[in-house]
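Please find the structures below.
Shared chain: chain A. Partners: chain B in the first complex, chain C in the second.
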Partner chain A sequence: MTDTAYNFAYLDEQTKRMLRRAILKAIAVPGYQVPFASREMPMPYGWGTGGVQVTAACLCPDDRLKVIDQGADDTTNAVSIRKFFQRTAGVATTERTAEATVIQTRHRIPEAPLTEDQILVYQVPIPEPLRFLEPRETETRKMHELEEYGLMHVKLYEDIARHGHIATSYAYPVKVEGRYVMDPSPIPKFDNPKLSDCPAIQLFGAGREQRIYALPPYTQVVSLDFEDHPFVASRAQHDCDLCGADGSYLDEVIIDDLGGRMFVCSDTDFCTTRRELGHIGRLGAPMTDEVA
Partner chain B sequence: MTPAALTGGFADAPLQSAQAFRSILQAMARPGTIHDLTGALPPPPLSVAAGVALLTLADPSTPVHLAGATDTPAVRGWLAFHLGAPLVGAEEADFALGTWADLQPVSRFRIGQPDYPDRSATLIVAVDHLEPEGVRLCGPGIRGAAQLSLPGIPALQANAAMFPLGFDCLFTCGTRIAALPRSTRLEVL
Partner chain C sequence: MGQMEQIAALAATPVALPLLQVDGLCRNYGARIGCAGVSFDIHAGEVLGIVGESGSGKSTLLSCLAGHQRPDAGRITYAGQDVLAMSEADRRRLSRTEWAYVHQNPRDGLRMGVSAGGNVGERLMAVGARNYGQIRTRAHDWLGRVEIAADRIDDRPSAFSGGMQQRLQIARNLVTGPRLVFMDEPTGGLDVSVQARLLDLLRGLVRDMGLSVIIVTHDLAVVRLLADRLMVMKSGRVVEQGLTDQVLDDPQHAYTQLLVSSVLQV
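Take a look at the complex of A and B:
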């Protein structure tokens, strides 16, 4: 039910115009973080206020919204944000990746390939990839200006010196169209290859840090690496215990206090779709009407 | 201001601006594609698409420059009522309106600063002819290559060469719009 006490998609029109101008500039300079006047939202910082503001600025009444949190449609954050837009924008919602026109995501890219008809909105906690290497905004801004990204390679090199391989496993830095180094938000590096040459528009919103950045469709995005230590999109070497998928990103679930564990797809829609098609994993049971 | 200035805005601003922004976003994210943009009736010589783009993006916080023939009392009155945007010279504008000839020299417009390339102008250029033909475009947002009928190609090539600095363009023709962000490279066939 739409709550008519609010403007369409909660935000007032002047705020949406400000967001829309920032989004267009972000599209025009892929990978560059555009400052914007982030608003207080009816949820705490860290719960996706940046993503929510970007979604609100993009949403149309005929959109079908999907919200995922670490790949799952049914976690608190995803359910709350989906209900928020059901109530304030009256848009249709779905859990099916293929049916969605706007997908807001926290820390995953869906397994199903995205299409030209979709917009993927990321929730970003720390947009600045150099922030943990250089805390001063004045300095990181200058480093982006001068394309001075040596420090990031030093960080990856120190990983190799200490661990024998690049141990960074999420929020793995990327270079966009050979220019800006960008934080892809804390997605697992397994998802990094999907950032590049993606048919969908990808928008990134950081509410607390007040930054919006973007990847237009078919943008070239390269994960930073070295010739002798090439980038590897790693995942747990198991099959999904529910649907048997051998190429999806997996969550490890502890199932007892005796060291028992199972691996399941982090993308719940991907897993459910496969199970409905009859795929059964090691610990899975056939889908019944009751389960579905 | 004449009573005509009070008409021709959005009838339902939240919904119409959302739909208009989706078209502008798709145009900017996929250079070379042409999209419909309707919902408002600005006074001539502004096209419908130019008027809708302004209603969707401009407000009292964005200085607007009216170039050449677009600078009429009717347009000024319409902008004053519907946007409340200050009218300024080319050098200070966030948005500039006019034909390509009116907007010359385009080197006057803001191209951002090396540390803040987003602080740049967006030119809303009226063209008589907008078709997916002519100069070859490639870059972010384009799968392979696209084509678009564009004016002033040497100036646009120079603008693209300044990346990440530069202005961005919206090309309007009647109720249709296409965009050219600074990231797009142009090749004359």
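Take a look at the complex of A and C:
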């Protein structure tokens, strides 16, 4: 078999054409879920088959790819998808947010601000924000069509009635350009404000559910809330124990069986960059010592 | 204003149009008749009962009126607007603001996974209420009006008795102040003492809010208590209609006579 039997970035050209048409339509109608013919990918559903297909459709040979899972570049999901594209597309990869042209992400938006030259691809498990309130797909489509979004507030009402505040902390529903209500994938609500007015193109791919949706650059995205219970982008009230950052989204790590714990940035690239610049947190050590 | 002017002003005021006008409504299921040739008017504040045995087309008629099914022929005019010619968006807006539908089984009309307060608040939020405190106050108010204790506001309907579920369904429907309420056997499946309380409550609400109601039932006692006018259906057609007391006390049609004489006396 010759080299030409293989296509750049795994997918055949007809599949990419289909995907790109869906992506263009999604960008033209921000927040609208565009159906597409999702393909079998060499990884299980739930591992980012939707994101991988969108990334494959966007990649060019001179792109530089970054893959993160919960903000980290070195977790299983991120490593296997990065390797997949190294082998099938031969593109350069990076862990630096600023150097990447395409970033595939699961559950986070990088801390570093994105630019107009970047594409952010989200892996989406369940694209339908109304799913758990209204199980009928025919009905939810009708509700999107007619902008009947009162039910979304019933969910937030239930949160306040039960917990005293809006307890939804991830996959927090948003309204796009005053029209479609959208599930921003399971990113923490801390990241919700970054969705709005973002210079980068944001694409969302749900493989199992066969839906693609998108936010073009500088789209207005508003998190839903009540007048007397406004949206709050919450985070753990600590500084990063490695780099000392006080405004980043933190992971809580249990470090012994005596109740000891540390908080570290979930965005590994952000944390590493800060430590290289000499910032040191409560439990951190200077970068040079670690390397030695 | 002089007397003559007053009379002139009165004469110039148009006679109040019926709230709902139904003309020649038909709905077939294949070759079978669901309901056929049904025509009636209902004015603001009027309660119309529809009775008949099972399979006589009462529920078919009600679901056609409420927009759950599309009739095969006929016209429905609500407050001067042709309901069947309306866009779906307008019709659905109408059915969650000015109309209400009380199902026979409260499980069909309630969200069982959502608390009582959320159930009552849903219609408010659907029409744009975005203040939690106000929604909560309205929910409290309405639970009180249907005699559900205030401390049950955060319980799910699955923890309620059948009678409470039915009252919750009524509260959920009436919270936006509708003008026209469709009820499909609202007292079905409830025991007699609970039925009596529910009827009492309904009668009070209908009078206080000036509601127009179309109530489908096979229980003649329910219509005797609630309905101003009565329509008797058999095999999909209206066989007799008139004032409730008139129809029940002096039935003209053979079927109505049979129906009235079949009621068990205690």
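FYI, the second predicted complex is superposed on the first by the 282 of 292 C-alpha atoms of A that agree within 3 Å, B and C clash if a C-alpha of one lies under 4 Å from a C-alpha of the other, contacts with A are read in each partner's own complex, and residues count from 1 in each chain.
To be clear about the criterion, a contact is a pair of C-beta atoms (placed from the backbone, for glycine too) under 8 Å apart; a residue touches a chain by one contact, two chains touch by 3 or more.
Values in this document were obtained by computation on a predicted structure and should not be read as measured data.
**Student:** Please work out whether A:170 is in contact with chain B alone, chain C alone, both, or neither, and reply first, second, both or neither.
**Tutor:** In the superposed model, A:170 contacts neither chain B nor chain C.
**Student:** Does chain B (first) or chain C (second) touch A:45, or do both, or does neither?
**Tutor:** neither
**Student:** Return first, second, both or neither, reflecting whether A:231 touches chain B, chain C, both chains, or no partner chain.
**Tutor:** In the superposition, A:231 contacts neither chain B nor chain C.
**Student:** Once the shared chain is lined up, is A:34 touching chain B (first), chain C (second), both, or neither of them?
**Tutor:** Touch partner of A:34: chain B, not chain C.
**Student:** Classify the contacts of A:148 with the two partner chains as first (chain B alone), second (chain C alone), both, or neither.
**Tutor:** A:148 sits against chain C, while chain B stays out of touch.
**Student:** Comparing chain B against chain C, which has contacts with more of the residues in chain A?
**Tutor:** B
**Student:** If I apply the document's touch criterion, which positions on chain A are contacted by chain B in one structure and by chain C in the other?
**Tutor:** In chain A, no position sits in both the chain B and chain C interfaces.
**Student:** In their shared complex, at which residues does chain A touch chain C?
**Tutor:** So the residues of chain A touching chain C come out as 133, 146, 148, 150-151, 153-154, 157-158, 160-162, 226-229.
**Student:** Across the complex, what residues on chain B touch chain A?
**Tutor:** Touching chain A: residues 13-15, 17-19, 21-22, 24-26, 28-30, 56-59, 61-62, 94, 114-118, 120, 122, 139-143, 163-164, 168, 181-183 of chain B.
**Student:** Within their complex, state which residues of chain C touch chain A.
**Tutor:** Touch list, chain C to chain A: 88-89, 92, 111, 114-115, 117-118, 121-123, 125-128, 130-133, 135-136, 153-154.
**Student:** Going by the contact rule set out above, which residues of chain A touch chain B in the complex?
**Tutor:** 7-9, 13-14, 16-18, 20-30, 32, 34-35, 57-61, 141-142, 144-145, 177, 179-180, 199, 201, 214-220
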